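Should a chain be cited, it is by its letter among A, B, C and D, assigned in written order, with residues numbered from 1 in that chain.
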Amino acid sequence: MNAPEVFMDKPDASGRFGDFGGRFVPEALMTACLELEVAFNDAWNDDAFVQEFYDVLHTFGGRPTPVTELSRLSRHLGLRIYAKREDLAHTGSHKINNVVGQTLLTKRMGKPRVIAETGAGQHGVATATAAARLGLSCTVYMGELDTQRQALNVFRMELLGATVVPVTSGSKTLKDAVNEAMREWVTCVKDTHYCLGSVMGPHPFPWIVREFQSIIGREASRQLTEMGVGTPDVVVACVGGGSNAAGIFAGFANTDARLVGVEAAGGAAIATGSPGVLHGMRSMLIQDEFGQIEEAHSVSAGLDYPGIGPEHAYLAKAHRAQYEAIGDDEVIPALQLLSELEGIVPALETAHAVAWLIREAGTTLAPGTSVLLNLSGRGDKDVAQVREILRGAS
Amino acid sequence: MTGLEVTLRAVRHRGRRAFVPYFMAGTSNEWLRHVEAAANAGADAIEIGLPFSDPMMDGVVIQEAAKRSLDRGTTLASVVGELASVDVGVPLVVMTYYNVLLHGGLERSAAMLAQVNVRGAIVPDLPPEESSEWSSACAPHDLATIYLVAPSTPNERVAMVAQRTQGFCYAQGRMAVTGTTSEEGDGASVAAAIRAVSDVPVYVGIGVSTPEQAQRAASYSDGVIVGSALVRRILDGATPNDVEDFVRSFRRALDASHE
Amino acid sequence: MNAPEVFMDKPDASGRFGDFGGRFVPEALMTACLELEVAFNDAWNDDAFVQEFYDVLHTFGGRPTPVTELSRLSRHLGLRIYAKREDLAHTGSHKINNVVGQTLLTKRMGKPRVIAETGAGQHGVATATAAARLGLSCTVYMGELDTQRQALNVFRMELLGATVVPVTSGSKTLKDAVNEAMREWVTCVKDTHYCLGSVMGPHPFPWIVREFQSIIGREASRQLTEMGVGTPDVVVACVGGGSNAAGIFAGFANTDARLVGVEAAGGAAIATGSPGVLHGMRSMLIQDEFGQIEEAHSVSAGLDYPGIGPEHAYLAKAHRAQYEAIGDDEVIPALQLLSELEGIVPALETAHAVAWLIREAGTTLAPGTSVLLNLSGRGDKDVAQVREILRGAS
Amino acid sequence: MTGLEVTLRAVRHRGRRAFVPYFMAGTSNEWLRHVEAAANAGADAIEIGLPFSDPMMDGVVIQEAAKRSLDRGTTLASVVGELASVDVGVPLVVMTYYNVLLHGGLERSAAMLAQVNVRGAIVPDLPPEESSEWSSACAPHDLATIYLVAPSTPNERVAMVAQRTQGFCYAQGRMAVTGTTSEEGDGASVAAAIRAVSDVPVYVGIGVSTPEQAQRAASYSDGVIVGSALVRRILDGATPNDVEDFVRSFRRALDASHE
């Protein structure tokens, strides 16, 4: 008999989680990926680095974020719901955890500059923030369409001293911003770190980002224990690339908790995708029969990605986590319900996870089920869009 | 040794610097005529791009060509179908991204390509570490797997890549994706590094766009690959005759350099 | 010889801080003010209430907020600057402290409803948030001009279940929103608590709000001690009504620290005002020679108030705190500098305090001076406005 | 006992229900003519509003009047100057906010007002607890300080307020700021509460806008104060004759009720 499998450990030497992951990059970037792996390994085993990472997240990033019992929503749905409040982290989402880690690593590697891709701008703002703090130069690639839709976030990054480059290729959105960041990284890899925004891309990025985000799950696990809740029955998080989900799952991967990732129906790589290679990784992708990548479509820019991090593809295949899809029409009511009942306006991304709870409460979620919801971000960035949508609907 | 390498070593043996133009398959009805014109004008091998939606290693010109081709409905199968109708007399090498081959089925893709006399494949997002499945699929069909060496590749790694590449070794002339430039690149040092550890033919590509640049590159390598400069002209409406003139100008420069 | 005066203690029985304060309200509200004083006194002496207040701020509000050493700004200015990060509190500013306290008090008094005034919307959003959490009904009065300028905040309050009433009287801004809230309070005082947003208004509001906000100063004092900084040389905060300043001053009122409040030049009640009575309190006001109140004018809506809390008027008169004025032209560069050097985009209000540091560094602030800056709020709400201003300037 | 109270007790003694109309000073060139018209038509006392920028106890009508008056440059001094030119034969009572008096200087304000036969002041944001300075300033000039009792005032407090008010006690007819309404208010219970502890004249105000309402209020009080309903008409262009008609209609209703 085999020993029980340990989930969310280090990937294998080739950067694989089961069949997924790997390092499908141009030779020009191969060395940077290999060096990054060494540097991260070294840093993550260096107590001083780990301590600095925690310290910065504590004194600058606002960690630990609290766990809030959502009493009124719980009563409404007949569940016991606890929210991990990443919306209270600096810049308004879990994205800060990753960028604090990667910028500290950048400094440690002696590189004076970072580049990043961004969709709606959350990861771009977070990267610009962490770069400003360390005095690193920062360039953010953003689809031209997104720079228009999210002009305020462009300005916010500029305020933080970053340069924003509109990407005019392809669909002019997140997927193309990643392509362009990779292309640009080829030209400057010597003195520039690519600060990737989710648990995606070539090895070691999915691993690095998951490790930096795992602070969410570790904190939550400790907090639930302190609150006397113990291991929750369900842990649920929205999934774009999958970093906030990976971060919270990491605290519960080897418990009995049911792990649920919620994708946008228009970008549901697990539910509607198939295996493939994109952006340096083998994972589940939305693509046509010829392997051409399709554009994702979601009301929430942060879930508008045709792939998913490789470790999630693996957790799905290994039946350790389940992945569900929520359509745009369920998202706005979920955002409204949480706002009205709890005084927390969530990000549209996060509202997908709330919508799943609303849908399943009373059916697959028996009354009294305890749920840990990763409240990945605040909705301030989305308020104008939600207003337009509700106006259009009325 | 793959058939491709045998052929290309023979080119070198003849004292000739190889010229390898790149075409994106399916950009227009005439694309095969362009390929034929290039062969007529003295290309030693021809690179055929199979379009991918997310060409991570390509600059704006080839991105545009890929988009045009995809919009015209180009697929691996359609390209193979078209190639079946021609015999240009020089080896064909495809350049595409891994997902296109993967989705076609690796075995099936390799078999289809070999059927229409494709002799090798360049897959820029497939480094040696990830290519064992693809290589295995290619082996029965004598389809060469061609690797790149970049200016950033450290010496130990150059040895590994040069040892595993088949047909030729692609010396990346500069740290950039495909595209035209007037800058002097890193081709010389990359080629030298490869030559220090292997006698596989070394072709310089990425950033070679004029006959003068090609001449310089040929002085330290076995041949050059020209993509964006040619594709730009085709996107702008170049005829097969224009392509012939273009290739001839490189041919002349390379031959002159070697006299 | 007299015992040394104790600052920021309870006001006297008439609600006076020295000459300032009092209870200048219509008879119809007098009873509510008296009852509120009794209820607060009772609650604030009830350990269970105080504990619940702290618990909610901890698990829901994101407290304690960290103290961040601003290393790069410090180097730039030759000072040692520590920022108390109220920008990381739920809803983005210190306002949450007060509304959590007042809504808990509302529930304790058995009232099912709150009303509030708001200028730019920060206090309105905070009140709507705290009310949603407790299921209290909530109406917010907001100058009609402000509802237009800050339409998104109106929608945000509505998302949180509040009703927003545009106030069309007077200058249609904050001052008039206070008048209107008072007028409406007269009609519903029996079942409705008026959740006032700053250390202003009739007794006991200035005292209650200061007490609820004093958590800022108490936390900061403890944190600076833990960091080995001890009592800072200077404590600086921006001042609209004065609640964030009062909150942080409360932790240092009886130390040697120099206390500095920074008002907007266009609403500098201490620098350019005179004593008077408005909104139920005797304080310093901007008014003409006939006692007519003038409109304040500031780039920052939260400082756009022609008065100041009475305790500040007293601290100024007693020379315990000093109050300085910063013009609009100094505010934007200060916001930019903090953003670029530290990765923190402050609220325009907060940027006034930063601007004062920039102005005084090297002159009245000797090199090496240690400064505790109250970073009262985040700038997300102001980004669109700053963009317009910078566009107009270029 | 203040002179004002002596006068108003005499009115009551005559078995007459007092009618006290309110005018905002300075809303037009004609405002003094309005005041005179009211006196001619049988007002027993007249309330003169001195405008304040932030009238916390006033509804939209009086807010608008205050704004119009301030825009025309009205000040305490300008009102006093104008009042010096008339003698309407009935007591004048000012209604204003504390800051206006405070800024004029309490002593000086009281002295100026008394000089032009103002006999009392209603300062809605000055409850008894805060009024000792103002009362001291008024005393030497026999200027009465008039307090309100609200529906929310508890009984013990009613006793205190009624004991300290001078001239009359203002029974606030409903929990609202000034303005017109058709609702039956709380005037009866407020007046009863005052009468239970004091024999000072009790006038009902706030929400009395029609002769019928006035008649009802007069059935349980010593008089009524009418503000917004009259000011609305003046803002809309009422002439002194219109004012006379308006006041007369109330006068008739009050007198009829008492026959």
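In this section, a contact is a pair of C-beta atoms (placed from the backbone, for glycine too) under 8 Å apart; a residue touches a chain by one contact, two chains touch by 3 or more.
Computed from a predicted model, the values in this text were never measured in an experiment.
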Steps needed, at fewest, to go from subunit B to subunit C via touching chains:
2
Note the connected groups of chains, using the touch definition above, after excluding subunit C.
A, B | D
Quick one: which chain's Cα centre is the longest way from subunit A's?
D
Centre-to-centre distance between subunit D and subunit C (centres being mean Cα positions), rounded to whole Å:
37
Which integer distance in Å separates the CA centroid of subunit A from that of subunit D?
67
Here the gap between subunit B and subunit D, centre to centre from mean Cα coordinates and rounded to Å, is 97
Name the shape of the chain contact graph, picking from line, ring, star, complete and other.
line
Every chain pair meeting the touch definition is listed as A-B, A-C, C-D
Touch list for subunit A against partner subunit B, complex
14, 22-32, 169-170, 175-176, 179, 182-183, 186-190, 275-280, 285, 287, 289-293
Of all residues in subunit B, which touch subunit A in the complex?
52-60, 63, 67, 70, 75-76, 97-104, 124-127, 129-130, 147-154, 157, 161, 172, 175-177
Going by the contact rule at the top, pick out the subunit A residues touching subunit C in the complex.
58-60, 62, 65-69, 72, 85, 88-90, 92, 128-133, 135, 152, 155-156, 159-161, 335-336, 339-345, 380, 383-384, 386-387
